[in-house]
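Next up: some structures, all given as structure tokens.
You will see two complexes here that share chain A, one where it goes with chain B and one where it goes with chain C.
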Partner chain A sequence: MNLRDRLTGARLAFAGLVLIMVLLPSLATAFFVNFVMTQTLILGLAAATIVFLAKYGGMTSLAQLLMFGIAGFMFGNAALAGGARGLNLGWHPWAAVGFALLVTTVAAFVLGAIASRTTGIYFLMLTLVYGVIGYFVFAQIVEISGPGGITSIQRPDLLGPPIRLYYAGLLLSVLAYLGFRAVRRTAFGLALQGVRDDPVRMASLGFNVALHRTLAFTMAGFVAGLAGLLNVWWNGQIDPASISIGPTLILLIIAVIGGISSLEGAWLGAFVYVLVFTYLRDLPLVDRIGITEARFNTVIGVIVLAIMVLSPEGLTGIGQRLRRRLRRRVAAEAAPTAGDSLPVHTTQKELGGTRP
Partner chain B sequence: MASVVQVRAVTVAFGGLRALRGIDLDIAQGERVAVIGPNGAGKTTLFNVIAGDIAPTSGAVVIRGQDCTYRPSRHRPRLGLARTYQKARAFAGLTVRENIYLALAGHRGRHRALWQSPTDHRMRDEAAEVASRVWLASQLDEVAGELAHGQRRQLELAMAIATRPDVMLLDEPASGLSRGERERLVELLESFDDQLTLLVIEHDMDVAFRIAQRVVVMADGEQVMAGSPEQVRSDPHVHQIYLGTEAAV
Partner chain C sequence: MKRLRRRTALALSITTGLALVAAGCGGGDDDSAGLPADQQTSDADGSAAPPTDGEGIRLGILGQCEGPFGGFHEDVVAGTTLALAQFAGATPNSSTSALEGFSGAEVAGTPIELVGIGCGDDTADRILQEVRRLVEQLGANVIIGPLSGDEGIAIAEYAKANPELTVFAGISGSQEQTLQVQAPNYFRFYGDGAIWSAGLGDLLHNQEGWDTVAVIADDYSFGHTSAAGFVADFCAVGGEVTHRVFPPLGTTDYSSYIAQLPNPDEVDGYFWAVGGTGTQAALEAFVNGKGDLTGDQHAGNLFFNPGLAQALGSGIAGAYVGGFATLPGDVRTPEIEEYLAAADATWETIPGSLSGNEPAPPSVAAAFGFFYGYYTAGVALVESLEAVGGDVSDLGAFHEAISGLTLELPYGDISLDDNRSGIVDVGLSRLALDDSGEVVQETVAIVPGVDQTFGGTFSPDTPSPGRDFPACEERELPWEGNAIPVVDGVPQS
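Entry: the complex of A and B
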């Protein structure tokens, strides 16, 4: 592949976007960067694990926020010293990070192994049960969640200034995005897509279907754990209510807003969600028409409904549709007779060009 | 001669429906067996039991001396068994090369090397070689879902032969093929190594009788008769239950 092939439009757009994100702190207000964008990156990273499982594994998981929460709680328990809430292990912050990720990954492996024999609606329901049980575990075993949550959680010195946390979110988001996309081309990723499309066929070819699902769930759990760490560092605290059923569904809704089978859509969905929660109150007259903060979720619901009606593939799907329509119009103007067949050829070429 | 596949008194019930009612089958190494019978006779169900896709309600399946009755299908490739499906089941979103690659990788357990690229040369060359055996060499980079029907059947076959199996189960490989494509298929099946054991479900009598040494006739989940193609062709009972109803095909 030469340089020209590598510089496809999508790659240039991605590089451009990353560049803007890197420069953002000198372009936008500190509030926008440290509040809106950091939160977007954290929620986007967590929602991307839902998309990864759905897109490549055909598994719609409602347990990702639980993984996110486990990492947060474990960090809080391990890092805080005596006198605070939780276990007060008082470890070095990076040891606490390792511990949090280890527990999260092991939990994801075990829960993934149990869920690996189910698909479709049963998988969805089972992961919902995980979410519910997980919530009750943290809500009722106060030794590990500190009565009323664990507070005053400090982030490691390296990430002290808020701007560094933003960059950590950006780095992890970029790595997760590229990593999830790269997995698609590996032997494992190919097998995972086979498992998604026809598990019976994959088994008869000699693949261990349950193991592939389990490993995918474990990988997603690990990444959700990373997002969970960023989240406790950003929030400075975590309580069981933050992983209850409402927030669990909100993470799914974020993935749906962007498009459940679009990785980049996860961050887009998170951005829309954070924007609504941050800026809706500033719009003129919103409180006059009865939209108060307590009703913002209703607004989110209406937005999701509108998006779903326009395209089940979320905002990314709407974007693709617009682009296709535009291209068709351009093609029709260029060659009025061959108007419809042109875009088809273009897509085929794109596929051929990007395949290894 | 040593049996490669033994089916002993296998019954399969789907709820109240008894799809197989006590089937016995003994297949020697290198034998070519055709299974024929009207739709709903239980032929595909028999294959599903041998291939491990479903466990029988009672009875046993022994492959190369190992009891495989309740062993899941994923252990079959290691025993040298490969199968195709009646309805072509290649992965529609993947290319021909990737489909063949999956067959190769599943068989060798290479998929456990998580980060190995599926495009390493040896695999590429092997996939290309397999594709050329089923006349798909120029379709390697086409997406399976966009292949013509005949080509999809060829890909199905490619995925079975990719693993160089000792026992191959082909479920209606000629269905929906043109006359020319059938001719090529028979040629391909006849070109297989003598040691390869072949079980073929086939509706096309011409294809079935040309490749088989033994023909097993099934109806209503039971074996009606078995014998050489000549014996089966001239059996009046078979004519009545099978050829009689399907002669027009």
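Entry: the complex of A and C
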């Protein structure tokens, strides 16, 4: 009963949030919707793939922004018809979308297969290497990246007005969120979590550990590719610097701010990041204490540091802790004499180890 | 105690978060301006208002406060501020920094208000976010900037997609932003990377007798563009480029690239378009790989400067140097003196990049191209407003007035070509030994009226300058043989 109540509450909150997001364009300014929220949804969608891999597969990937970039570059090469930059294949925009997603997914499969036998810090380093190599591939092979980036990328007509891009971001975010949660309960998702917790045992039970990891990486690559497409439609251009080491780390930082063990944290982290980026300098008097726009990265760094110290599960961890404390207080008030049953603690395995 | 502290920290972070959200919503409500495309689809959004045309100029300046050119943030904002202080009655809010903004600027009854200063980091993504903040959140209707090459292309594309905006480029040196993007509301009152190499080939081939040259340039857009200008010029007058070597940007060990160059006895000279910390490193690798420098055999783009002598010795003397937006300090005309004096009268000090971001007389920053490019943009804004009597409600007329301007500026007159890119005078110089044996930069010639097509080598239909483009071809150059010699800092016209 208690469990069911809680689930319903969470679902209600989710539905309410989605409703607010749907109505947002009539509540907020165009800038807030088209810049702040659209960027939040794009970055959140990409960061959610990091969380998905970390939470269900135990893999912290730094290659997600590369997938994001591959999709963007491929769309630009395929969709542009003329000009001095890229391959100029001049395909129909939706054919270009299919091509971009296909290339991204295949790349994710191949890279995932290579990385699937590594775990922990080695997986992190290998995906970092992917990110760096990917950057240099696009920086050096100028035929597919410009030279100096692909510009003038137009959205498909269907997504012409910026507001539709926002709704596309919202739709894909909701689908990705629900999809990742649904995958968790499938046979594949359960096996993936088994692989995360004890790969040796799963292998001895007959599961193909490497294949599970590869498929999870491929799935995450596909979703990151969707985010990459939204990004080039939103930004109108992509260049090798867009997927260099700086932005790669920013995406990980977004996942960490929100909480790398919670899917919804990805969007929350992205929201905080974009808010700080956009509005920090508008706060009264912050420039008097030396926080100018040039110190933006310092502020983000301090936020990450504070979160690591105060709540390793990120902002969603803070929220969960508050809720838990509130519930405990309510329970204590409701049953002050409860002594007949032992308290039940759930044990959760997380990135930082096991936490009661 | 621990719990209390944690609670305080939590409360603090929540308060900060709420304040940020409040700032977000509040800031948006007051000044937000949507794009026309937004308004078509979000009619319900009552707060979206068109940019405040007719009420005056809402100016946004795009600089770079981070990245490789972060040190020039103060310089570029000061450049525009000086133009408005000189010709529009603006008063800087601080006597020691331009970043504090200015007040009281007005031209022909139209006030110019600074709504914000964008902070780029040398990437196109970042500058797009900054310009969107200035235009879509703060309601800027005129933008001055950006600073560097790839940013310029991105901003020109943004201008093209937002025809209600007017952009005066800052000092971004890529060729495509005007030649290929061709946004009707994007104006550039200075040269580009290729233009700044113009005349050098003519001088080296016809005066110094170079027939063959090896080119070494950074493997990115500015290196390509700078080399392309030299190749186009040198080949047009009959020279031959035997080698082109492109080390990646940020290389520290240039020895393998130097090995790809011919030996000094196999070629008449070398042209270097290697910038930043690479200039010195590459030349040192040359000394190690090919033997001592003989200045007569070398030429470089704007990154060659007397400071190189500190590490390389006076052997570098004799090298020719391409131009930039301003002329080297030895040229002192009354107009230049007046311009530098005006800078010194506007602020007490400016912490510009040339003084290591330490307070220095403003004329130090003003004499360099970054400051000057933004200055020309500011002058163009003032003169175009004067031309339309301060009325910017008819954007077509305003843009036409800008296109037709000929600015009489301290370092030479500037007008625009059909693609709204500057036709400029380029000053060529040479590193030379002065009486005390120090290496100094001396202007040797001014090449008048250089445009970005190089007599047809570059056009909207040609590829962007790259590793193989342009090919080495002889052709007519409008400025061949027209260079005005400069002796002891005095043009001999």
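The criterion applied here is as follows: the second predicted complex is superposed on the first by the 328 of 356 C-alpha atoms of A that agree within 3 Å, B and C clash if a C-alpha of one lies under 4 Å from a C-alpha of the other, contacts with A are read in each partner's own complex, and residues count from 1 in each chain.
We take it that a contact is a pair of C-beta atoms (placed from the backbone, for glycine too) under 8 Å apart; a residue touches a chain by one contact, two chains touch by 3 or more.
What you are looking at is a predicted structure, and each value in this text was computed from that prediction instead of being measured.
With chain A as the common reference for superposition, the partners chain B and chain C occupy compatible, non-clashing space. Of the two partner chains, neither chain B nor chain C is touched by A:Leu326. Of the two partner chains, chain C is the only one that A:Leu310 touches; chain B does not reach it.
The partner that reaches more residues of chain A, of the two candidates chain B and chain C, is C.
Aligning the two complexes via chain A yields an angle of 140° at the C-alpha centre of chain A, spanning the centres of chain B and chain C, rounded to a multiple of 10. With both structures placed on the common chain, the touch criterion links A:Gly236 to chain C but leaves chain B unconnected. When the shared chain is aligned, no partner comes close enough to touch A:Leu178: not chain B, not chain C. Of the two partner chains placed around the shared chain by superposition, chain B is the only one that A:Phe188 touches, whereas chain C remains out of contact. In the superposition on chain A, A:Glu293 contacts chain C only, with no contact to chain B.
Legend: residue contacts after superposition of the two complexes on their common chain; A:Ser204 is shown touching chain B, with no touch to chain C. With chain A fitted onto itself, chain B and chain C come no nearer than 29 Å, counting C-alpha atoms only. Every residue of chain A that touches chain C in the complex is listed here, in rising order: 25-26, 28-36, 39, 83-85, 139-140, 142, 146-149, 151-152, 160-164, 235-239, 241-242, 247, 272, 275-280, 282-283, 292-294, 296-297, 306, 310, 318, 322. In the complex of the two chains, the chain B residues touching chain A come out as 51-53, 72-78, 83, 85, 89, 91-95, 98, 101-103, 105-107, 109-111, 113-119, 141, 143, 159, 163. Those residues of chain C whose C-beta lies close enough to touch chain A in the complex are 6, 9-10, 13, 17, 19-21, 23-25, 27-29, 32-35, 37-42, 44-45, 47-48, 65-66, 70, 73, 99, 119, 122-125, 128-129, 132-133, 136-137, 149-150, 153-154, 157-158, 161, 174, 176, 180-181, 220-221, 224, 248, 462-464, 466-467.
Residues of chain A that touch chain B in their complex: 185-188, 190-191, 193-194, 197-198, 200-209, 212, 215, 351-352, 355-356.
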